[in-house]
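Chain naming follows the written order as A, B, C and D, and within any one chain the residues start at number 1.
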Amino acid sequence: MADPMKIRAHVVGDATEVKVLMSHEMETGQRKDAQGNTIPAWFIQNVKVMHDDKVVLAAQWGPAVAKNPFLSFKFKGGAKGDKVKITWVDNHNETRTDEATIA
Amino acid sequence: MDHPRRDALRRGGALSLLTLVAAAGWLPRGAAAAETWNKGAFETHSLDETMKALGGAPPVPSKDIVFFSTPDIAENGAVVPIGITSNVPKTEAIAILVEKNPNMLAAVFDVPAGTDASLSTRIKMGQTSNVFALVKADGRYYVNSKEIKVTLGGCGG
Amino acid sequence: MPSIVRRVVVAFATAGAVIGIAGGALAQSTADEIEKYREALQDGNPAELWEARGEEMWTAPRGPKKVSFDACDLGLGPGVVKGAYARLPRYFPDAKRVMDLETRLVWCMENQQGVAPADATKNVFGNGSAKRSDLEALVAYVTSQSRGVKMSVPLDEPHVHDMYRLGEKMFFYRGGTHDFACATCHGDDGQRIRLQDLPNLTKVEGAQKAYTTWPAYRVSQGELRSFQWRLNDCFRQQRFPELVFASDASIALTTYLAGRANGAEYNGPAIKR
Amino acid sequence: MPKKTFGGTLAASLALGAIATGVFHGCATAPADREVSERAEAMMKASFKPHGQAKLDRLDQDETQRLCSEYAGHSLPPTIVEKIRQANLATIRYPADGKLVGDWKNGEKIAQSGQGFQYSDDPAKPAGANCYACHQLSPKELSYGTIGPSLYQFGKRRGFTDETRKYAWQKVYNAQAFNACSNMPRFGYHHILTEAQLRDVVALLVDPASPVNQ
């Protein structure tokens, strides 16, 4: 199973700033191993960030997003103690959801 | 016939680079977002190929799209920080494209109302290239670009 | 060039800001831009992913004996992690040897957890999800617990002092097909290889800046790299044979460099090219 | 025990963390220091393992390497400088046909490549000289190092003469014939580059058409 994400969410003025690191190879499918065989593509395709029941950011990614992806953004509202929930799904249909409390 | 969809495309400035992304479906709104992935858009291998497939009105160059925390030179192409802020009112989505990557489109972000049209992430770049920040706002498309140089490194060459 | 691109580029590209400036100004602007690149990376360091994995591993029962690292003494008492890295390498009477962090962790695996030596050192350097390194995760966790702590390697301890002297000799030892020593690249101020700045490790400030930012997440590899890895890969590039993991020479050189960093605040794991 | 030969004073000042490099180097020929050098060498030989093309004999020093290690951090006594220069000058060989200058285009490729002699390198592939790692050469290459001096306009500044061409050959072949304990690898002496490659690198430096001389 994939490793947990590292999520930081904190209130900045009237908004909540979210920073997340995800553990993922983000293999492009363009590289070859030592034997010359193509290493198959393996990357996160969808990311969804929820605050309560509301999607605050949704993304589609290709393999050009860097390994162990990082993402940072802000949304209006959100109070200390609220939960931010992030889900990713990769092209192997593997998925991971983690939650952080807004500080 | 799927008229509503074709109409939407026309309004978007019939088949520009951006409407390719749109045609293949920018992110649908709401909770269903995480379930769709736009294969066609992510498999454009060169700008030429993309452009040939489109041949329509280009997105409007806009200085209201700003790069932040995005260096002119990347010490390593494996991780290139990209920050984009769209000051275009009613920004709905932001996409990052790398002209000289094998697949041009790197990422598309759906920005719902209430979320700042400003985000940062990190991408891979195979070589020095123009990076495009594309914005969809109020149904129209805007673009800005920045060249990022990728340097060689390492003692071993 | 397709028309959209041409228009956009003509309209806005700041490309060429670099091209066309000559000589020193060019080198300076390149260095400045690379500095901006490094700054932009500081915001989110994937080393945290290793730290989290290592922390989980630290308290979990491991090996045939089902013993956790809570029994492992890094020099400040069994299970004490806070500040331990800033005081390593040190002499461990139970092992009768000066040890750096990695060597000590392997010793605990073998002697307390009952892990076979070959297993304990199997994946000391990770390589993606196919060959993940538990050791590098443990190193990330332990070192993160010395962040903000002043380096104080016990150089007045005779065994440690001896290793320091041996490490110093090693630092200046020229050999191989290219006549390289560590000092070849790390013996003067303000030098670089290609565009990479080289710390002058013969000066206290240089050693401090370098040592206190290892281990590091290497963006070029997408891996967290330990100090043992750093030395191993330096010698590869020096065209030397392979430095054996946890060997006396690896510990001696680490002792020399860590000792020279004494007095500086530890600030790893960092993020680097 | 050797560790007892340097005792209180040094250890105490070490603990203060405020010691000058010179104190550590001490006198390079003092018995205690030589004893540490010998133990360091023995320690290294027990701490490395052969890997691919990099065998343990890479740790065996020639006289130049030994002297340069011993005097590292000190100013070299003039007699030692002369000894190293003469010994290295004597190693320089010249092509049988007397032709010192090859193709600068190939020289540029060699200057860009750092491949070769690392245990991770394929020994079947031609080695590079990795000149750009340490030197500025063609102004088109932004990514150059500064361990060595800029070689931009090397030929132009010295004049496109036989003397310049010979000097370039000698310098690339064995830099220590001029600059004792130079950081520069001895590309000819150690057979890092072939004779043809040496010519091409020399061409990059001295050919009037080379980008280095523009």
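Assorted remarks:
We adopt the following convention: a contact is a pair of C-beta atoms (placed from the backbone, for glycine too) under 8 Å apart; a residue touches a chain by one contact, two chains touch by 3 or more.
Just so you know, these numbers come straight off a predicted model, no measurement behind them.
When the partners of subunit B are compared with those of subunit D, the chains appearing in both lists are C. Of all chains displayed, C has the C-alpha centre closest to the centre of the whole protein C-alpha set. Chain pairs B-C and C-D differ in how many C-beta pairs they share in contact, with the greater number at C-D. Chain geometry summary: the mean Cα position of subunit A and that of subunit D are 47 Å apart. Centre-to-centre separation between subunit B and subunit C, using Cα means, comes to 36 Å. Centre-to-centre separation of subunit C and subunit D, using mean CA positions: 26 Å. With centres set at the average Cα position, the gap from subunit A to subunit B is 18 Å.
Within subunit D, residues 118, 120, 133, 142-143 each touch two or more of the remaining chains. The set of subunit C residues touching two or more other chains comprises 18, 30, 43, 185, 193-196, 219, 222, 236-237.
Of all residues in subunit B, those touching 2 or more other chains are 78-79, 120, 122, 149, 151-156, listed in ascending order. Of all residues in subunit A, only 15, 26, 28, 30, 45-48, 54-67, 69-77, 87, 89, 91 touch subunit B in the complex they form.
Residues 27, 30-31, 33-38, 42, 78-80, 98, 101-103, 105-112, 114-116, 118-125 of subunit B touch subunit A in their complex.
Every residue of subunit D that touches subunit C in the complex is listed here, in rising order: 1-4, 6, 11-12, 14-15, 17, 21, 24, 36-37, 39-41, 43-44, 46-51, 54-56, 58-61, 64-65, 68-69, 72-73, 117-120, 132-134, 139, 142-147, 183, 185-186, 190, 192. Note for the complex: subunit C touches subunit A at residues 43-46, 48-49, 52-53, 128-129, 217, 219, 222.
Chain contact summary for the complex, subunit B toward subunit C: residues 16-17, 47-48, 51, 58-59, 61, 63, 69-76, 78-79, 81, 83, 99, 120, 122, 130, 132, 143-147, 149, 151-156.
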